[in-house]
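Written below as structure tokens is the structure these notes are about.
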Amino acid sequence: MRLFMTELTFPTERARELVDITELARSAVRESRVHSGSCALYAQGATAALMIQENDDPNIALDVLECLDGLVPAGRWRHDRVDDNGAAHIQAGIIRPSETIPIRDGRLALSTWQNVFFCDFDGPRARRTVLVTITGEDA
Amino acid sequence: MRLFMTELTFPTERARELVDITELARSAVRESRVHSGSCALYAQGATAALMIQENDDPNIALDVLECLDGLVPAGRWRHDRVDDNGAAHIQAGIIRPSETIPIRDGRLALSTWQNVFFCDFDGPRARRTVLVTITGEDA
Amino acid sequence: MRLFMTELTFPTERARELVDITELARSAVRESRVHSGSCALYAQGATAALMIQENDDPNIALDVLECLDGLVPAGRWRHDRVDDNGAAHIQAGIIRPSETIPIRDGRLALSTWQNVFFCDFDGPRARRTVLVTITGEDA
């Protein structure tokens, strides 16, 4: 087994946004030349997270944000007195920064409708970072 | 360190269901003959997820489904106009498709009351798939 | 690549509590002497979980508990007739017991405000356990 590491960096453009980073992750897997193993993704930033979600219908990203804003509404948290982003921290904690996806035949083994989304709950940011740790074997 | 990969396949029987797949996962670990390491499970399908949960009381699975249906109710999402399963997608995204469980002494290191459940939020399906990626060392 | 395993054990002091275990996890990484790779943490106990969250403002832990208690209130679940801790099980299932954090330059690659919290939803307990599985390469 061997290890390949890289990072994905990209800007976000809205205050709250799901950004499809599937192609960036696929590029990292291709670059690693690992044939079989795992791709562990980790979003840095305590107001960011990763979510596997459908991508065919772009409305799902809006549904997800609307749902989370209903469950964890802005403006009612102790932390808002410090930073006014308590809801973003709580949502990021619940949704979580890491995801481990298998690699089969040199590719991310997502099913047809699964894509990888970076969730920015406190954007926009000029630069967000996802660390990529790939482990596995050659063909 | 070495790598062992397999997949678990099984049907689901209800529209919404938690299926205990602990014994299937344990079989994969035994087959791998890995003594120490990790077992990464990954549920394919954008309306499916994995959850570690108590199994002794079968009512907990019903409690979990009732809770999720209260938090993310069916029938009120943009995506429902396309597919009528928006809630299933959102629930799957929040609960997540992956889980990484340690292997100690050749066994999944779950504690006494922890079992592994496959969550089908949009069933029944003739065939659901969980990919298993085991890494570790022999005894 | 090589494997290093250990466990973190600690008491919890309240019925419901987020305990910052970042320094314990960092010690395990130092002890492993792994320079590059991953640290997989796994909380045993079906009423416990792990959450990456900000630590600078201790009020965020209270916000998280208040939020979860609003979303999954105590006292209304089938399982309460058995054990009176249904909400603790459901919350632990949603928040999840595992987290995989990259290791870079011999250190956990958390960003500035990300810390690792053990969530006890059914404490206090004299001894809680987090299993640590580190894989990676030397410098």
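As written, the chains take the letters A, B and C, and residue 1 is the first residue of each chain.
Methods note: contacts are C-beta pairs under 8 Å (C-beta built on N, C-alpha and C of every residue); 3 or more make two chains touch, one makes a residue touch a chain.
These figures come from a predicted structure and were not determined experimentally.
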| item | value |
| --- | --- |
| Rotation in the CA alignment of subunit A with subunit B, degrees, nearest 5 | 120 |
| Interface sides of subunit B and subunit C: same vs different residues, half threshold | different |
| Rounded Å distance, subunit B centre to subunit C centre (Cα mean) | 20 |
| Residue list for subunit B, restricted to those that touch at least two other chains | 1, 71, 94, 96, 100, 135 |
| In the complex with subunit C, residue positions of subunit A that touch it | 1-3, 5, 40, 42, 44-46, 71-72, 77-79, 82-83, 86, 89-90, 92-94, 96-98, 100, 129, 131, 133, 135 |
| Interfacial residue positions of subunit A with respect to subunit B in the complex | 1, 36-38, 51-54, 57, 59-60, 62-64, 66-67, 71, 94-96, 99-102, 104, 109-111, 113-114, 135-137 |
